[in-house]
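Below you'll find a set of structures to go through.
Consider the two complexes below, in which chain A is the common component and chain B and chain C are the respective partners.
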Partner chain A sequence: MVFTSLALFVRNRGPDEFWRKRKILKLSAHFYGRRRNCYSIAIRAVHRALVSATKGRKLKKEDMVALWETRITAGCEEHNMTYPLFREGLVRCNILLNRKTLADLAVWEPRTFKSLVKVAHARVSQDGLAGVTELGDPPSGIITRGMLK
Partner chain B sequence: MSNSHLFLPSGFPRAPLQNGIGRFVCQLQRITIKFCKSNGSSRGVREFIEKDLLDFAHNYPGIVVYVKPRRHHSPCLSAEYLNGERQYVNCHNHSRDEVIKWVNLLRTESGNQIIRLRKMWHTDCPSIQGPWSPFVNRDPHLNVVEFPNESLSRPVYLPKTATEQLKEIFEKQRQTNVSSLDEKQAE
Partner chain C sequence: MTAYKRVQQWNTFARVWHLYDATWQNPFESAQRIMKYLKGLHKPIYHPLNDCGDHVVVINSGEIALLGDEWRKRVYFHHTGYPGGATWTLAWELHDKDPTMIMKKAVYNVMDGNLQRRYTMQRLHIYPDDDVPEKIKQNITNQIRQLRPVPKRLDRYAPEEVQRFPKVMDWPKNYILR
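Take a look at the complex of A and B:
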């Protein structure tokens, strides 16, 4: 057989081309239209998807923190307290709970959360931080470590 | 990356009928082993049957084992579970160790469908004190109050007005003047 010069234009890109493309097309299986089946279009879409996934990992954490802070603030305001004062009071009493735990307590264990707010209120009133007088009288029956000085 | 490309249903880890909280019940009901007596693809399964099957059946008396020799067929394991689900594993050209591992996997599975786990934990009782509701921190006397109510319509915290502060200062000054006058009179 005699091959014409057309055969010379076919580039052999190697034996693993199928698997290389399959790696990308596996990730684009749920895209719309040609973006899931045609490699040249899919690779662009997959790269954008991976980039937004990378950015989203950081944003997800920020979103969750904002949600927890909203919930803790709502729980505090119910008991006549503000979020920054609440946090400061807990830290000064060496109660180092993170925002996730505090939010879970505010939702699922409301009485525990109320007692935490009271502890923070007592400590903050005793230390005399700015903005305490607007919250009203400090709660009674709470002994903080500072009182034992 | 999202998990949509897996096309898996998603859910939370569940035990069928709270298995394990009281006593643990093995969810595997019966396991059917089909193999060929002569074909080379069943060699691993045949070795498993010769050496490990009796120990397996003795250790787990709650699992019924059926052994079916079938000529000219690939060997396979078919597992049926207490919730009616079935699991099928083709053991063509598997070694004996692989068959042992597959059998142990089928034994430890519940019949639940394989899903993407959204969280690695699950509780039926997330709250001990009762979850928050808008009525948790409210005084129950609000149930029988008639609105409009004067005492409840006042603001919770009112700072002192400037007039009241001036009045207080004036009163204080008058007191000090009166006391100084008394001292002078006494002298």
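Take a look at the complex of A and C:
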């Protein structure tokens, strides 16, 4: 752009109006009604949508964590184990699997998950944590690192 | 989808029918446990959007046990929607009227108030005694563990068993038992 005077340069409002609005209207292309095409309404809706998207990035992670915990709890209760004791037992055996992996194992690899529960059970009952007596007798023949003293 | 995968899918999402004996159980704590089975929270495949809940058949709901003086103190509120249409019913009155109602409301209230709640409740079958229709009885394949074991009442023991129970001493002949 060519500015013949300083006054015209100050009046200039950045890039061309059409393309400036175009950027916003592209983001509102999938909205319903006038929020899609009328710029002054679209810009408000786009701002709102971007705020929700920012919040949603965090909420999505929290929702997934809650779902994984529900699934692991369900898997544990099939083998008469509680979620906190299970996680504590695994950490003490230095089996550092995250919630996502454990939930996947509970769904797709139930035998693997059962053996993990057994390992955790043996470890927590050896360490005598609170609440192990309700779990029943510890499984026999389980030896992991840190259990031999 | 192969035939094997299809059968695997059926088996994974097949509904199981559970039996729960509510004799001498706290209905509000039992509701927490029953709700898990109704919503499918006891399965590792659980997801709020997949339909993996099971059926639960509750028997002997007439024999539930409320804590302390809850029978006299717990109040159920209902409003017809018309002016002056509010009623407050005591737990024992409600139980006299319908022995399944306290159990039903307990389960209904522990679930989240979403659109799925009414449909989940349809999978709950409550009977005031152990008289369950044959059509429902033949589906049951599993029993949910009770919260606490039911002790046997003294008047349910045979007189010989009571006689044989070890005792420290006999009452004197001239002692009048009241």
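Rule of thumb we're sticking to: the second predicted complex is superposed on the first by the 132 of 149 C-alpha atoms of A that agree within 3 Å, B and C clash if a C-alpha of one lies under 4 Å from a C-alpha of the other, contacts with A are read in each partner's own complex, and residues count from 1 in each chain.
Definition applied: a contact is a pair of C-beta atoms (placed from the backbone, for glycine too) under 8 Å apart; a residue touches a chain by one contact, two chains touch by 3 or more.
The structure displayed is predicted, hence computed values, not measured ones.
Enquirer: With both complexes overlaid on chain A, does A:101 touch chain B (first), chain C (second), both or neither?
Expert: Neither chain B nor chain C is touched by A:101.
Enquirer: In the superposed model, does chain B or chain C contact more residues of chain A?
Expert: Result: the larger residue contact count on chain A belongs to B.
Enquirer: If you stack the two complexes on chain A, which partner ends up touching A:27: first (chain B), second (chain C), both, or neither?
Expert: It touches chain B, and chain C stays clear.
Enquirer: Under the stated touch criterion, which partner chain does A:109 make contact with: chain B (first), chain C (second), both, or neither?
Expert: Only chain B; A:109 stays clear of chain C.
Enquirer: Counting only touches as set out at the top, which of chain B and chain C does A:70 meet: first, second, both, neither?
Expert: Once the two structures are laid over each other on A, A:70 reaches chain C alone.
Enquirer: Can A:37 be said to touch chain B (first), chain C (second), both, or neither?
Expert: After superposing on A, A:37 lies clear of both chain B and chain C.
Enquirer: For chain A, give the residues common to its interface with chain B and its interface with chain C.
Expert: Dual-contact residues (chain A): 75, 78, 106-107, 110.
Enquirer: So in the complex, which bits of chain B are touching chain A?
Expert: Touch list, chain B to chain A: 1-2, 4-5, 7, 126-132, 136-137, 156-157, 159.
Enquirer: Flag every residue of chain A that touches chain C in the complex, lowest number first.
Expert: So the residues of chain A touching chain C come out as 67, 70-75, 77-78, 103, 106-107, 110, 113.
Enquirer: Can you tell me which positions in chain A touch chain B when the two form their complex?
Expert: Where chain A meets chain B, its residues are 26-30, 49-50, 53, 75, 78-80, 106-112, 114, 134-136.
Enquirer: Can you list the residues on chain C that touch chain A in the complex?
Expert: Result: residues 41-48 of chain C touch chain A.
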